[in-house]
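What follows is a pair of complexes built around chain A, which joins chain B in one and chain C in the other.
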Partner chain A sequence: MNRTTEKTYALPIGPVHVALEEPMYYKIELDGEIVRGVELTAGHVHRGMEALALRRNLFQNIVLTERVCSLCSNSHPYTYCMSVENLADIAVPPRAQCLRVVAEEIKRISSHLFNVGVMAHVIGYNSLFMHMMQQREIMQDVKETLYGNRMNLSANCIGGVTHDLEAEAFAFLLDGLARLEPEVARALDIYRTDRMVVARTRSVGVLSREDALALAVVGPVARGSGLATDIRRDAPYGAYVGLDVDVVVEQGGDVQSRALVRLREIQASIDLLRACVRAMPAGPTLAVLPEIPAGQAIARSEAPRGELIYYLRTDGSQTPNRLKWRVPSYMNWDALGIMLRNAKVSDIPLIVNSIDPCISCTER
Partner chain B sequence: MELTLSALLHMLLFPGGVFALGAGLLLKGVDRRVQARLQRRVGPPLLQPFLDLAKLAAKETLVPETANRTAFLAAPLIGLTGMAVAAALIPVPGAYSGMPEMGDMLVLFYLLPLPAIALMVGGSASSSPFGALGFSREMGLMLAYEIPLLAVLLAVAMKAGAAVGAGPALSLTVVVGHQMAAGQFGFSPAMLPALAAYLLFLPGTLGVPPFDVPEAESEIVEGPLLEYSGPALGFFHLASALKTMVVLGLGVDMFFPTPLPGGALVNVCWFLAKCLALMLVSLTVARAATGRFRPDQAFTFFLKYPAPLALASLALAWMGF
Partner chain C sequence: MTTSASPDLLVRGLAALCAEDGHQATENRSGNLFHWFRLAGPGDLLDAAKRLAAHGARLCTITAYDPVREHGHPRHELAYHFDCQGAMFTVTIELDEADLRVPSISGLFRNADWNEREFREMYGIEVQGLTNSKRLFLDEKLDAGIMDRVLPVSVLMNGASSRDLWERLLALRAKAEEKA
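After this line comes the complex of A and B, so read on.
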């Protein structure tokens, strides 16, 4: 934004920084403790995944997309599989669709708990950080018990799911949710009223409704600025068609609002999971697959960080002709320029964390 | 000559030097352990601060190319020596009566900021922008917490002096002696605000959350300490351990000095126990229950709460309560 003038000096934040979970280089122009300009340099975790996708067949790409990033590691293969299904007109059995929602919402809860936990760490509130991570452990246990893995669930495959969950697994899930629910309510109270949290997060990194619209931000960042957008409701897919998704909106547009949106979304996800388990249809979990024809298709989903889009083009062979994805963090990056304007140095990591940036997703 | 020798021994062995270092590091170990338990973690072994130092001693000290080498390497020593002298001025009631001829509370007031000044010198000599940020933060915070400290010291001196019928008694030996005869200040209603102010001053001067703004790890990555490594970093840790002991000991002497009947050994342990209690209340629990203030918030906080509290006690002591 700005060039170094006589009054300002440059402060490098990143690519390796305690408060950043992933590498990104921010060159901050400072005037005392006030931010006057931000310059982003990306590319530290570019792995050439879109090129890799063209060298693997359609099935191998499920494994590849699952490894784009660990926190959204279910949303990527899920959306990728949907794009293949859209392209080849594959009808996914109802039970598989419901099981996909279960995996997706479990991952969403974990992801949100992680983000609000890290927020507490950034403001130096380590006890709260430890507490949130301990609550997240409930969901980690659920993932490990249901899917055998704590991060990458490998739940999706083209035409359905890899795991059929049994009644015992659902009972374990419901038990975990019952333990998590009061803790989330308590956390919501802490993030809403604790004096330290409020002093550090309210009116910090404000993104107004107008700016949010103009920048087309997505996910909790948009919902924290009063925009009720959610792909699960606006363009329902899979089992979300039959589910009543509660779109959580906060009006503040600041760091606190975004954290509150995430915590309330956890509550909404808990309700969704219970609804899914209640209404779990019987039947097969995998469709019979046809030959994948040449063509192109798009699939959209609501990842923990917002709208995720997959574009797939095939030429009738086993490997895709083009596979491209647009991740939610990409849309939210630019908003940092507005949020960081005239912010204090102490608030930089806090504001960056509040958009829950996924750098691995963005750079892939 | 005799005086110098005994003064040296007091600075190097007891109650300064080896004793204060050992006790300070041990207290830090307890602090980390209790802190971990409050967060439902296991925590490090009690001797972890010693192990950390041993590790640092074996490492290399790297000096940044653009740093001012002399200032960069001298800075940690400023803090360390300052605190070693200060530790010798703290009486251990029942075991050591202090060195009134060497210095009083005013000397302590001048010695106490030395580690912070060392941090500022080191930070700015390191030529890192994080060091510069830490410098300005430490500077602002210091100005804020020195005001309540001075008011607390004066209130205590005034109260002890009023009883003798003289002006303020600045000698810690007199302050301790007076309380042993006339009751501890920690239980005197007029001095309670000063005690509260001192408890709030402790995390500020020691750079402990919620006042760890100069070193804020998740904001400015340890600020002035960022470029330090090896023994030079170890010296900062040593100075910090000494300072912990000095300010806690000063607090005990000012508010709860009464010794137990018994030998010197009993009273050294009793003194350490009181330091520990003071630390748990003002540092460990407070740290577990809060986050970190923004620099401006920390600054306002000190002017808003501890300063008026300490001044209230000073006014009450002045009026003879």
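After this line comes the complex of A and C, so read on.
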């Protein structure tokens, strides 16, 4: 540690550290064991993906965008495809729209289970961590059975989906959800009332509603601070237009509130999946594609970490003139400065984990 | 994140800052609205940002790009994307290549900071009034404006890594032989 002022010390954490899943350098200003300030240095996994997107044609970019990150790997190609569809006014068949929601909500459940599971690990409650990861295996099996892969589903293509799902696949999904549902209800009770979890997470890493609004944070970070914002409801897209999306909100603004939002969102996703399977329309799963014109378009979706935006510019050729995406984590990093202020050193990994940061997404 | 002010007022106010035919509105098949504004000049950016802030708009992101991508002749435009009551508002400005500067809007939208720092380092566009000019992603040793360059990977590498490695190995072997 280096002395920075008469009272404070600088504690470097990262870029590679046992508490971090991905590389980020945190320069923490400490007064004893209390955090007084934090400075982030990013760029360790910057891959220049937006530049790569300009060297690939519109179809190749589906594969590229699926590899921005793994936990929300369905949201990227989904939203990218929607940007092309908005640009060329492509009518995606209703069955394909419903199948896209199925893939998206399955991924959301897996992503949230991973985050709340890791949170248990960070506070030293390893039996809960292992239990949550075991429940997550139900969804990993669902992904593997329905899509042939546990992370990158390759479900989306421009104008629809890559493959249809049979009745047998839906039955497998519903069976998995039936097994997961009571486990999530039990977990919600533990995260809400267990003395050890409450002692470590309540009133820790607080982001007030006012700060959340000023920083324009998104996703469970915003909803954990009382902001009822969700693109699936505020600017609905695809099959979400006809679905009743429950926007889950908690008021505490702390680590516990963000975890509770994610757990309750798993319950909401289970409801959405059941509604999708019940109302699954028959018909084609792919639109007939027109020529992609020159122009610009935007598409938005609610990824597991919040609002995801794709901005596409084309010039009539097969490669984009510009493809820009803004991931939810990008909006949430700055909030760490407020959440970590006056926190204890031991709570730093917990607070960082509570925004469910994705560095691969942020840096692209 | 809604306000009582009508977005129609905002649309009219922003359209007044645009060049002729500088405003378009589109709607996608899900019924979402998209407003596209091309401002008469970069000098109108702060005016537009003030109007958007007054209507409770949320800055979503900022995109810098070269609209033509003609090798050796970079051009720059900036598209500012906002959400206002569920509709997307994109405000575009064309920059003067002789004076690649733009005012910061971080005083009005706190989350503009990261976006402005990113396009500053990727496209070499100066941001006036930026409070934190520390690089966000790229190492300080790299030139600014790296996204303006069109370099195929094959040209970029040019066998350099393998040649460098070979030369280093030869030097190490020579050193070892000298010691022996």
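Observations on the model:
Methods note: the second predicted complex is superposed on the first by the 361 of 364 C-alpha atoms of A that agree within 3 Å, B and C clash if a C-alpha of one lies under 4 Å from a C-alpha of the other, contacts with A are read in each partner's own complex, and residues count from 1 in each chain.
Everything that follows uses one rule, which is that contacts are C-beta pairs under 8 Å (C-beta built on N, C-alpha and C of every residue); 3 or more make two chains touch, one makes a residue touch a chain.
All values derive from a computational prediction rather than experimental measurement.
Of the two partner chains, chain C is the only one that A:Ile298 touches; chain B does not reach it.
Within the superposed three-chain model, A:Val288 lies out of touch with both chain B and chain C [touch as defined at top]. When the two structures are aligned on the shared chain, A:Val63 is found in touch with neither chain B nor chain C. With both complexes superposed, C is the one of chain B and chain C in contact with more chain A residues. After overlaying the two complexes on the shared chain, residue contacts for A:Ile348 are found with chain B alone; chain C is out of touch. Of the two partner chains, neither chain B nor chain C is touched by A:Ala171.
When the shared chain is aligned, no partner comes close enough to touch A:Val198: not chain B, not chain C. By the touch criterion defined above, A:Asn126 reaches chain B but does not reach chain C. After overlaying the two complexes on the shared chain, residue contacts for A:Gly32 are found with chain B alone; chain C is out of touch.
Within the complex formed with chain B, the residues of chain A that make contact are 9-12, 17-19, 30, 32-33, 120-128, 130-131, 134, 196-197, 199-200, 344-349.
Residues 38-41, 129-130, 132-133, 136, 209-210, 212-213, 216-221, 288-297 of chain B touch chain A in their complex. The touching residues of chain C, when paired with chain A in their complex, are 1, 28-32, 34, 36, 58-61, 63, 65-67, 69, 79, 81, 83, 86-88, 90, 109-111, 113-114, 135-139, 147, 152. Those residues of chain A lying in contact with chain C across their complex are 42-43, 46, 50-51, 54-55, 85-86, 89, 91-92, 213-216, 227, 229, 234-238, 241, 296-300, 307, 309, 311, 313, 315, 321-322, 324, 326, 330-331, 333-334, 363.
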